[in-house]
């Protein structure tokens, strides 16, 4: 049996997640702040987490409800964090 | 015919019971994250100042470690889906080892903070920092215990290409531990 | 394929989850024990305070009053009574000693406990010690 | 009744109901003292009446739990009780010790009781709910251990069902955590901190295991739904109860001198405590709706469903109302707490014991699956009367609490405690009337045991 079609996207995702973590780290090192930066980091985070949900957890292949539920959760958490940062400006 | 990619299944991977647990955990972490964010809104200066004292390199390194560990678990699941127990065990071992690396890095970080006299009662930021990271730390340990249990069963040939719910159960939990850290790291270590 | 949901996994969640949160609770409790000396006013615990706590307990004061918000809700909060009485132990002692034996017609009244002077002083000292515990600014105001 | 040794449950249930009546009588005295301050003063001061009220509650619930265990454990384990004689002996020991303690409360001043029972040797008295003389506490431990031995031996050598195992875990936890009642340091903060290990970890921890196990047993019998399904959900529900409830202890550590991080830990976890209760409600209704047989004991089904709903309302919703630290800062130690306490205990624990009695009594007394139709009808009436009365007691206390909190703690010109009490007296009057209605419901409940009916629902 051939597992490549399953693994290859996950490998790509893995490398992508590593790259994006590097970007997040660099943003932190740069010491920049402001809503645009916060928004950028949060959207990156949302994207990264959804990648884990879709490909690592494999929810892309099950009933869409579960994927939607987790996306709603991530959107809510990241969104509310954004709101909290927005009101503190 | 590629049966692996499709995972021909409507239901969640692994045992549904673990998903109830995962959802409960996500709920707790979610509330904890928002509590952090909104407390920060009332104490921006204190949070920003204290955040400077964190070791961002350790945080980022641990993110990479967990992502990689998660990826290894994906490989373990893929291996058992083809019925390859040996390979599954190897990938699980690698994933657990990465979990161990995470713990070691984290312990150095904690040691650093404790020797600087920082505790849960230092200030609100460090209360959150220590609570969240310690709570997560314990989840990493629990996840490793679960993966180890799966590993032992896999080693004794307890799983097959047809029946490997246990592997998927452990994997799902481990990905949750990773998922939570993916939010925790930027929130506590990076954005200000 | 139908959903997998096994009893053994449910049991594992129950056992694992319980152990996990018991350990977490013990860890937090351990930290609390380390943090208490700075908050609980233990350096002011004298033999007199110890006697006061004993008098407090053996007359079941908590059966009507609250102390730091715990007890019965029939009579005033006493965690801050020392402050409320103007920082006067004599006022507390006088109040307790002067309760009428037969009560006050139609109204709530504290029983007459016939405490000795030593016991009265000890209770007042105990309440003073209690008022100096760091309670995160509770109660919200002097009325308790 | 499948096993003759199950009959030992009978005296336990009778004692439980008898003490329940006593508890409510003293509740009425307390309710009257709230509005007529000198009622029965100085013969029965408020603190004595309250002590009797709360201690009777605990003792009769323990009688109920033990009776429930003696009834359900043999049936689940599929064998006779290890020692029915021990169970009967323990019954009398516990009853006499309990009665002597209550007589002690009422007959002599509390300080005298403390002196007579040697409180000096190991001071444990005078703390809320743990007012029992030290010697009574030791008696409780001995009875609990002997009881656990009896139940444990039965379970170990019989069929090990989930219901039995969970019940045994809960009862063991109950006994072990009670040991913290013997720890009473002079340091008030430490005293309070570990006092909650008994009180909170009982009612929001191990008692929930007992409750869930009893409910699961009754639902299996009443509905005929597959045991596997019920046991699976039993595990999930109690897992959630412990996951939220253990750290939820933190909601008692806000203002007693413990560090302030408990305000976060306690708020977050206790805010999730309604979840297991909600799951229990949904689950109970689901199981009843999917029942595979029509059990003739309709009353027991009503008590079971009522238990799930009222536990959710009382423990879940009313608990949540004041569990968040910023809210609790104002409501801590007010009538809001009393409102929550009343409905939570009634919903979760009073009703679960009555559910068990309602299910078991026809077997014990008539050797039939259900009481006659008239008796069941009376039982159902008493359910509604007591439950609705309790809802009103809770609502009136909540009203009193909201006013109290506002006048005494929130307003710009806070008023002294006693002034506020006078201003909210109307709510206390209404609470007293609701209490009287509750008592009528209880009388009806007791009467239902003696009600004769020509036709039995079982045969119809």
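So that you can tell them apart, the chains are marked A, B, C and D in the order they are listed, and the count of residues begins at 1 in each.
Convention: a contact is a pair of C-beta atoms (placed from the backbone, for glycine too) under 8 Å apart; a residue touches a chain by one contact, two chains touch by 3 or more.
Bear in mind the structure is a predicted one, so any value in this text is a computation, not a measurement.
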Practice task
Please find the two chains that have the most C-beta pairs touching each other.
Solution key: C-D
Problem - Inter-centroid spacing, chain D versus chain B (mean Cα positions, whole Å) - result: 39
Handout entry: Centre distance in Å when chain A and chain B are each reduced to the mean of their C-alpha atoms
Key = 14
Problem - For chain A paired with chain C, centre-to-centre distance based on mean C-alpha positions, whole Å - result: 47
Handout entry: Residues of chain A touching at least two other chains
Key = none
Problem - Junction residues of chain D, two or more chains touched - result: 232, 235-236, 239, 243, 259-261, 265
Problem - Multi-partner residues of chain C (each touching 2 or more other chains) - result: 5-6, 10, 13, 17, 20, 24, 31, 35
Exercise for the section: Quick one: label the inter-chain contact graph as line, ring, star, complete or other. Expected result: other
Practice task
Give every residue of chain D touching chain C within the complex, in rising order.
Solution key: 33-34, 36-38, 41-42, 45-48, 50-51, 110-111, 114-115, 119, 123, 125-128, 131, 162, 184, 186-190, 192-193, 228, 231-233, 235-236, 238-239, 242-243, 246-247, 249-250, 253-263, 265, 329-330, 332-335, 337-338, 408-410, 414-418, 421
Handout entry: Contact footprint of chain D on chain C as seen in their complex
Key = 5-7, 10-11, 13-14, 17-18, 20-22, 24-25, 28-29, 31-32, 35-36, 39-42, 45, 49-50, 53-54, 56-64, 66-77, 101-109, 111-113, 129-130, 133-136, 138-144
Completion exercise
So, in the complex, the side of chain C touching chain B is made of residues 1-6, 9-10, 12-13, 16-17, 20, 23-24, 27, 31, 34-35, 38
Handout entry: Footprint of chain B on chain D - complex, ascending
Key = 232, 235-236, 239-240, 243, 259-261, 264-265, 267-269, 271-272, 275
Practice task
Report the residues of chain B in contact with chain A in the complex, numbered from low to high.
Solution key: 2, 4-7, 9-13, 26, 30, 33-34, 37-38, 40-42, 44, 56-57, 60, 63-64, 67-68, 70-71, 73-75, 77-79, 81-83, 171-172, 175-176, 178-179, 182-183, 185-187, 189-192
